[in-house]
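In what comes next, chain A is part of two complexes: it sits with chain B in the first one and with chain C in the second one.
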Partner chain A sequence: MRGAANSLKYLLLAAALAYPLMPFRDVYVLHVLVLIMVYMVLAMGLNILPGFCGLLDLGFVGFYGIGAYTAGLLTVHYNMSFWLIVPLAVINGALFGVLLGAPTLRLVGDYFAIVTFGFSELVVLFLTNEIWLTRGPLGIPGIAPIALDVTWLATLLGIDERWRYVFRGEMPYYYLAMVMVALVYVVMRRVEDSRLGRAWLAIREDPMAAASCGVNLFAYKVIAFAVSTGIGAMAGAFLARWSQFLSPDMFKFWESFLVLCMVVLGGLGNINGALIGSVILIALGEVLRVVLPKLGLPAETRFLAYGLIMVLIMRFRPNGIFTQVAESTMQSRLIKDLRARLDARRTA
Partner chain B sequence: MDAILSVDGVSKRFGGLMALSDVSFAVERGVITGLIGPNGAGKTTMFNCVAGIYTPTDGRIVFADGAGERNVAGSKPERMTTLGVARTFQNIRLFATLTVLDNVRIARHCRTSANFFGAVLRTKSQRAEEQRIIDAAMDNLDFVGLGETALSPASSLSYGDQRRLEIARALATDPKLLLLDEPAAGMNPRETEGLVDLIHAILSRGVTVVLIEHDMKLVMRICKRLVVLDHGVKIADGSPQEVRSNPDVIEAYLGKGAAHA
Partner chain C sequence: MLEQQLVNGFTLGLIYALIAVGYTMVYGVIELINFAHGEIYMLGAFLTLSFISMGLPLPLAVVLAMLAAAAIGVLLDIVAYRPLREAPRLAALITAIGMSIFLQNLAMIIWGSRPLPFPRQALPAFFSEPALTFSDVTISWMQMLIYAVAVVLMVGLNLVITKTRVGTAMRALAQNQTAAALMGINVNRVITFTFALGSAMGAMAGIMVSMYYNTMYPTMGYLAGVKAFAAAVLGGIGSVPGAMLGGVVLGIAETLGAGYLSSPYRDGVAYAVMILVIIFRPSGLLGRAVTEKA
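Up next is the complex of A and B:
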């Protein structure tokens, strides 16, 4: 059973890698797949807060927007390289995360959720009204695509050529998004199975017991916020250079809700769940976008479908699709060693 | 007396309610002290003041960890744990969805240091530390007799084993003083017997134990000293024999006039 699940996983991965090279590939499908991967990164980033730490964050999209505008503005004004922009956007997102988190993470439960919600609305208001910086509702068009410039390598090798590749069409973005998802995935898996991840899970399970184990609740919540918002900003930076256009209404509250739905649907605290949740909800959104108008309903009614899904999940599978938390812990080498030792002890 | 903990005139007020008023007592290093009293006497409040969950409204709590004495009243819980004060909870507070091992591994938090970058890069020192955490956690689990169940979910343990797991978790923080809040509550006689052995084993590891307990037979048997609280006031302390014959204590437990009956 486990072997079959593994083979299926590799088969899917191979299919995903090969799809853009197939003759039957479709630009629209590629676009949707890239969008899914952007949301995978967002969902994995958000998962840290409600999933690992038990903090309800309703304002995640604010940091997505901060990352996107950081990237967009740096590209338009300074023509900076994407590879330099990503770390800057991540740092900027994390910085705003700490700025928001430091005063508000002492709040608990619903109060914290309301503050984060308010923050994301503030981000949208800022982007709409500070026209000198963001051009307001006009948005930022004409953001340059990503370029990979390795001329320095050519110079180093003594070749007098310009080795510069500009990302055009969906295919290069598709592969870059895959790299981004893989990177965030590995980082999240490693953090989950570490002293930091365990401290987060302890906070989620029982803050008072966590503090009694020596976990500084406040410090670890702020770290969680910084990592989560940094990842959100990274997805935003990618979005800016991929869509090549930004406007404030791309970062409305609904986006936060959508990402939260993905995390809850997949299973709070399960990294694979965040991935599955993104696939299901984005794919469903695209299907509904086509189906609903045919039924004579406006496309916005798809939010009703999201709501219905959440109700059904709460009724029939309240812990989401994947219920296991700290999954990677069980697969780490140290734990496998320990399991072998315990088995040996039991038989001895 | 070599006191590891001295509570000096501690009061705790919740609005109009004085949960503790001017309580003073000392805990001798290396022996078992019992904190007893009727329901609502302020025993758990006292523990919470010592463990850093509550800040006393008034008074000093002096912790002598061998290196020196310091007033720790108002310190944060994580600070108290780092200093060497561990506790268990009256209503079991385990990390229920995590494994037995993870419950104890989390308790090594205050004795380890790897951060985000160590976790992501899997540096050599981080991997070595993870191995040490597992070894220490397993030592403590074997100590309480739960080594075999290390990889099961904590919620799958029996009630008595969950209490033992809480003790293992507290011990994994390397405490000098261990506060046990009703460790025998809900245990059957056999489990209680095992608990007595466990507490003595903890003592022989050089950990001083203070326990809150309602099982008077157990308290009289294992405690060398008792402190009795009633309505937030200390009404007696001394050896179990002294406390047992103290008229105030009998009155607190059995009502007015009972001492003369």
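Up next is the complex of A and C:
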């Protein structure tokens, strides 16, 4: 059984790697797949807060927006390389995360939810109204695509050529997105099993007990917020250079809600679940976008389904629909046992 | 100019206050931010519209809409929140968000996504005319009606909370749910009553806003809900007089902010107030101190 699941996993991975090279590849499908991967990164980033720490972040998209606009503006004004922009955007996102998180993380969780929500709305207002910086609702068009410039290597080898590869079409972005997803995934898996991840888990299960055991609640929560917002900003930086256009509309509350729904669907705190949640909801969204207008309904009403999914999951499957997948992400026997005992206590 | 801004801000503030009491009462008894409350406010407006288009007279339509909204609020609690009372708080909060989005999109399916006007023919013609004029300040009859309704509802609500048995039970629940249950209070019945009362008041706010601005749209509850929540936080969450005060202060602050500081950031005033209050004075103007709870 386990062997079969593993083979299926590798088969899927091989198919995903090979798809863009196949003669039957489709630009639209590729585009949707890249979109799914962007949301995978977002879902994994958001998952840290409600999933690992039990803190509801309703303003995640604000940091996604900060990352995207940081990248977009640095590209348009300074023509900076993408590889330099990514760390800058991540740092900028995490900086805002710490600035917002430090004063609010001491408060009750509900207040945290509301403050993050208010913050992301302020970000959208800022992006819409500070026209001198962001061009407001007109958005920023013509952001240069990602380029990989290894001319220095050529110079080093004594070859007088310009080794520069510009990302055109969906395919290079597809592979870059895969690298990004893999990177975040590995980091998340390692973090979950680390001292940091255990501290977050302890905070989620019982803050008072965690504090009594010497876990610095505040410090670990701020770290969680910084990591989460940093990942959100990274996805934003990718988005800016991939879509080559940014506008404030892309960062409205709906996006936060969608990402939260992915995390909830996959199971809070479940890294694999976040990936599957992204696939399902983006695919569902694309289908509904086509089906709903045919029924004479505005395409936005697809959020009805998302809202319903969230309510039903919380009511009937609070651990998400893929609990078996959740088991397999954890490596540490200690944590596995602990979780099993906690779950047993909760159901009793 | 300033006086007129104050009058308009006060009117808006009373509306926020009516919505905010719903948030604050529910938070008081079950410590849940009922995100779907803004949608109840929106449904109040649309239900009135539907009742009027069925041919009912305005007062009856309004009363029916309030009753229907109260029923929806109660249903919301029973179907969505009650099963999660013992679950982690995060689950209930996520459910509240989900219900909010669900109701909003349901309204979009039923009534369409475009703004609809309030049926003006149902209103007496003199409503839009000025009732009082002092030099350059005018107060319309519509504004007078909002003042009257808001004052009557709030005084009534305060009487219910302070003078009746069920009001006493609500306050007991807010203090300590277990102790209240031990004293023989039927906890679920009181919570149901709280949802009904808060939803009816929220619906009334929605009805009056749609008359005042002569428009209603399915997403109207989103912004109004957030601002009313900000008002509840400003007043001190859990405190009913605080929510009223917070609403009025926020309404005036927003109007003045839009008039004198920067009108594009009109909606930002509420967010900024909310964030600053939460960071620097989480107990609000009239609330009890809030600390981290396990």
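Quick note on the criterion: the second predicted complex is superposed on the first by the 321 of 348 C-alpha atoms of A that agree within 3 Å, B and C clash if a C-alpha of one lies under 4 Å from a C-alpha of the other, contacts with A are read in each partner's own complex, and residues count from 1 in each chain.
Please note the rule applied: contacts are C-beta pairs under 8 Å (C-beta built on N, C-alpha and C of every residue); 3 or more make two chains touch, one makes a residue touch a chain.
Since the structure is predicted, the reported quantities are computational estimates derived from the model, not experimental observations.
Put simply, more of the residues of chain A are touched by C, taking chain B and chain C as the two choices. By the touch criterion stated above, A:V34 is placed in contact with neither chain B nor chain C. With both structures placed on the common chain, the touch criterion links A:F257 to chain C but leaves chain B unconnected. Contacts of A:V215 after superposition: chain B is touched, whereas chain C is not reached. Contact with neither chain B nor chain C is seen for A:A68 once the two complexes are overlaid on the shared chain. In the superposition on chain A, contact is made by A:M310 with chain C only, not with chain B. Once the two complexes are overlaid on the shared chain, A:G197 sits against chain B while remaining clear of chain C.
Look at A:D206: by the touch rule set out above, it reaches both chain B and chain C.
Applying the stated touch rule to the two superposed structures, the overlap between the chain B and chain C interfaces on chain A comprises residues 206, 208. Across the complex, chain C is touched by residues 50, 54, 56, 58, 103-104, 106-111, 113-115, 117-119, 121-122, 125, 128-129, 206-208, 253, 257, 260-261, 264, 268, 297-298, 300-301, 303-304, 306-311, 314-315, 318 of chain A. Within the complex, the chain C residues that touch chain A are 31-33, 80, 83-84, 87-95, 97-106, 108-109, 112-113, 222, 226, 229-230, 233, 262, 264-265, 267-268, 270-272, 274-275, 278-279, 282, 290-294.
Considering their complex, residues 51-53, 76-78, 81-82, 86-87, 89, 93-99, 101-102, 105-116, 118-120, 122, 126, 129-131, 133-134, 138, 147-148, 150-151, 169-170, 173 of chain B touch chain A. Chain A makes touch with chain B in their complex at residues 187, 190-191, 193-199, 201-202, 205-206, 208-217, 223, 227, 325-326, 329-330, 334-335, 338-339, 342, 345-346.
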